[in-house]
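As structure tokens, here come the structures.
What follows is chain A paired twice: with chain B in the first complex and chain C in the second.
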Partner chain A sequence: MSDTATDRESSAAESDDGWTVVVGVKQVPDSDEVGIDPDTGRLDRANAPAVLNAPDRDALEAALSIRDAVGGTVTAVTMGPPTATDVLEEAVAMGCDDAALVTDRAFAGSDTWPTSYALAEAVDHLGADVAVCGEETTDSSTGQVPPGIAAHNGWAQLTYVEDVDPLPEEGRLAARRDVEGGHERIAADLPVVVAVAYGEFEPRPAGLHRKLYAETDFEPLELTADDLGIDADDVGMDASPTQVGGMETVDPVDREKETVETPAELLDALSDEGVIAR
Partner chain B sequence: MTDDADADAKGRREPMRDPSYDGAFDAIVVGAGLAGSAAAVTMADEGLDVLVIERGRYPGAKNVFGGVLYTPTLRELVDVTSAPVERYVAEKRFSMLSDDDETAVSLRPGEWHDPPHNDSYTVLRGEFDRWFAEQAVDAGAVLLTETTVTGLVREDDGRIAGVETDRPDGTITADYVVLAEGGNSLVSEGADLRKPERAENVAVGVKEVLEFPERDEVIRDRFRLSNDAGASYHYFGEGAVGDAVGGGFIYTNEDTVSVGLAYRISDAAGSQPKPEQTLNAFKSHPSVAPLLRGARTVEYGAKTIPEGGSESIPKLVHDGAVVVGDAAGLVLNNGVHLEGTNMAVESGHLGGEAIAEAAERGRTDEAAFKSYPERLEASFVVQNLERYGWLMERVEADRDLIFEELPHALADAGAEYFRMDREPKEKHAEEARERLFETVGGLRGAAKLAYRYREVLR
Partner chain C sequence: MTDAETGDAESAPSEVDRASDVWVFVEEHAGDVMPVSWELLTEGRRLADDLGDDLVALVIGEGVGDAADEAIARGADRVLVADDPVFEPYRADPYGTQFRELVEERVPSIALIGGTHTGRDFAGRVAVPTHAGLTADVTELDVDEDGQLLARRPAFGGDVLATIVCPEHRPQMATVRAGVFEAAEPDLDREGDVERVDTVVDEAETLTDVLERNVSDTADIIDADRLVAVGGGTGGDLGPAAELAEALDAELAASRKAVDEGWIEGARQVGQTGKTVRPELYVALGISGAVQHVEGMNDSEVVVAINDDPNAPIFEHADYGIVGDLFEVAPRLAASLEGEADPEEVLQ
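Right after this comes the complex of A and B.
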């Protein structure tokens, strides 16, 4: 069937206008189906189906909305094994113009440090003006990768972004970000890394023909360590500083559930327990 | 982007900017149920490019179904050795329930233990439909999930030439459309291909899947099963569905049981309590509850079952489209039989073959598909529906007798016949007979009743 799909828009229509937006996405175990093995205390991810990290849908929507406003292209990028292509297909179905799979044996076992390094090289390689990411992944929840990309490339970063406002004339991207007790609006010069707040963008549904295309005919660009000029010694398990000290399942502490009527009584109770000194 | 050159160097196809699949597929199948996947496998095997559109997250995700899959046509179509079936049916048990009695007949023919096990297997549709759709994909079909068909594309001359979906840019054209959307056939009705079924011709099906968290062997022990053998228990009478016309069932899966009811929707809408309540009453009947003791519900679903019989089969072929499976009302539901799976697969297969033949000749007019209604008419599908058409009417007319009086009378007669006291047995037999005759209207009444239902065994 592949040869019978037709392109309604010739590639000649491509223009140099607009921004190059790259959006980082990740395949994670479906968190609805991940359990904790009570004996080992480890997450049992093996049986959970792999899905697109939910916060990345917000990132995709934010990226596509930037393209809607200023033109240009959106390319999704993921680092992972060839099976991670599924999440790229989902990104292309939603509307990304292209997608790249950063894949190499050399990357195996990478923690957030080499991962953000490899992704930083990838977004640079793809010529990104804006790199958009979800705020964190549901399988590791570090939130370190987006700032890591910015740090490796020496780019500006906007984190916990709730709304984006591209300012093409100024070559800047303004954003509203969530801060404790309210929000702030700040603008950054391009290139910039944006980490969007989870739940703030309503992801658009995939169009019928795009979804079909993404799932049947689309082929992602593959980028190896070599393509990105990355030395195999700088990535992978050995280049990962994270040490996992151990895992413990913590039993909940029984609460006494006492109620006190006034602040004074609370202070008395706390000092009786030796929590505060008076 | 500067990397297009790289991409070419790696031999990758350039991404399309605005892809279109209009006309890219020969046929679009609406619904990846049994009928849809049977049609898709058939057409893909014939070399057609087939797109199957399913609204669920995966095929079977939304399918409610009691649980016995009948496989005579299926195993001709695909290799079933790896099919996810639960147990083969080794026992069929029919029982009449009054509010507190049960009178049952059980059949356990030895040959059902041997392959192909009378072509009857319990299945969970969430797994089975997914597997069957994968067979279609392996044969070359494309499956698109999480997409609901909302309407049909018509040419100026009325020919059906594609479908509309709930997605943006959601219209796609193809020469042929197979409507396999099941009993709740909103697309076919919306396109005037069939009229909404009258309430007296629609049954409501409710089903729960129950598991037994305490012990693995519960199902085998309670239902007297060994290895992969399974049981299908069928129940009638007021203890099963109250005042309604219909029945209840329990089917054994590998580690779970499917428990459910199927009865007239007109009864469901009238005085009858809600389907969940009726199901709960059935589950707590004194002779049902012990089978389910300690069980926990893991799944609940409700669905409509068309049961208008051969008279309510709509027109099966249209210019550019065929209607198959439950969407065409092809279910046999008469109390003794609840069969739709075999009819869905048979009709999907015949519909798919008719399209493949028409495509061969480059035709899309309805006359080009006529082998489908002809072969269906000659097959067990329409023959069975016709044969049992009268039964539902008869049962409706006799409903008080069959569903309420007879279950009581049989139980009382049984109790009388086997009564232990100091009277001679002859007296018990006489009283038992009297109790039965009083209900059916004497010997003549019994003879008449037998005559009225003689065709069941014709």
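Right after this comes the complex of A and C.
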């Protein structure tokens, strides 16, 4: 549609005055609703409702706050089937200028290696100065995709970021990172991939007007493997180094589950267990 | 085997056949080695013995000679040392570049990295360019009859253990959760080779600058025999918990909620995104017991839960539970411990 194309071109032109920020989001099964099929022992993800990965809300807020500080645009990107458009609408409702759906049958069965490759090509295609991601996804919890995007593109990366501080005059982004037992302040050259720490940003609410637009008029840009110059052999299951060799349910640890009424009774029990002396 | 011996490309052994040795990354910051590195050397020793391979430690940092020597005492046959100011303090791009160079040159079969923020940060900068398989958050390791690594990791909140394999790519990399394996005592009589490798990173080509680094809380909840853990139910008032911890000679730990609220340092977080602990006594104060938390404390010997919600899931994972207000129960527990027994005599 020509109107949409014009909008996209003009927003890209405006970004000369600021930074092009791309934020990666993912649609995941609602982790509270995933069950295990008792016959196969496999996870029954099909029946769980699909939602926006919760840590991605922090990423969206961080991305929008960078735009607030330096100007430019924020484009949300997700990789998945066409139904994943729902999470892009949520991103646009929250304030993203545009959104792109990276979708292709060739991507099916990808582990983190081809996933980060496809997203690396997508953020590069969108001209990102900064690519922001959540810390990890609630469905696979690897945290590997943000560093993977940076590694594929040879870009700088900042993970476990609790605060962002754009330095446009230096062409760098400074950030506060959570490191074991403390914090560091670190500055990275652009382009940079930022993975923000879960729970460190307060996501802004979606505006009503924006929400209406996202749900009615908005259509995401679609990017296929071909659009991104990706050979189908370099993505998908065959390009994935890891495979799931098996799944087993974990037996719950056997606990006493004994309710005691008073502190004295508890201390007696702990003393009998030999974990305290009295 | 030299190139001349391998003959032409068609008869050249595959990457999988060529790969050998078990590598363990020794994570060092300003003179301190992260305990998970020693845990992995112990586990790596077992895997190397099963495979008939060498165990190789990789130490990156500045002035890391002591860590290299200790790695031998901890089970390494050989130690590769990249010692250069460019590696201190830690940054993802120099570490990733150096590690990648060594992996490409020597093709280890297995490479194990502690699943700390540091390990999870740079591992992808090795795995992506070498097209290695990288498994995250591993809690069990084994090798099968073909010498393939079986890396097991909890999935979906810990209800399931998934086995991840990497049949056609090397190295088989894994970031491994801290506190899951026990570190063996060092054997100072062990002998091994220390090899200093060339630094391939040039400061001028780095992408990042560390402007400031403050590491103050080095609390190691993994080694504590007793833990008093705080959750959302404390509302941020950790006074009663601290008092009880002192009476029990315990360290303070926390749920993700308490850390996210900023009530306590992230280094004390227990659970899927924090640490795995297995103390003799684990007291959960005002912790609801979400699966991601339980996963990190389920190996505790005795679990006590204090929560005012009788339906809190934590009671399903506790040996002893008191349904009540922690602000009342914890001080009473602390008082009876202090009153009836000298804390010095409170033995394990």
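As a convention for this text, the second predicted complex is superposed on the first by the 230 of 278 C-alpha atoms of A that agree within 3 Å, B and C clash if a C-alpha of one lies under 4 Å from a C-alpha of the other, contacts with A are read in each partner's own complex, and residues count from 1 in each chain.
One rule holds for everything that comes next: a residue touches a chain if its C-beta (ideal position, glycine included) is under 8 Å from a C-beta of that chain, and two chains touch if they have at least 3 such contacts.
Predicted, not measured: the structure shown is a model, and the values here were computed from it.
In the superposed pair of complexes, A:182 makes contact with chain C only, with no contact to chain B.
In the superposition on chain A, contact of A:263 is made with chain C only, not with chain B.
Of the two partners, chain B and chain C, it is C that touches more residues of chain A. Contact with chain B, but none with chain C, is seen for A:209 once the two complexes are overlaid on the shared chain. Of the two partner chains placed by the overlay, neither chain B nor chain C lies in contact with A:49.
Residue contacts after overlaying the shared chain place A:243 against chain C, while chain B stays out of touching range.
Of the two partner chains placed by the overlay, only chain B lies in contact with A:222; chain C stays clear of it. The part of chain A that touches chain C in the complex is made up of residues 31, 34, 36, 43, 111-113, 116-117, 135-136, 139-144, 147-148, 150-152, 155-160, 174, 177-189, 192, 198-200, 241-250, 252-253, 255-264, 266-267, 269-270, 273-278. Note for the complex: chain B touches chain A at residues 1-3, 6-7, 10, 12-25, 49, 51, 142, 144, 147, 165, 167-172. The residues of chain A lying in touch with chain B in their complex are 1, 4-11, 13-14, 20, 73, 75, 92, 97-98, 125-127, 204-213, 215-219, 221-222, 227.
Taken in their complex, chain C has these residues touching chain A: 29, 34, 89-93, 96, 116-118, 120-125, 127-129, 131-137, 150, 154-169, 207-219, 226, 248, 256, 260, 265-267, 272-273, 280-281, 298-299, 301-304, 315-323, 329, 332-333, 336-337, 340-341, 345-348.
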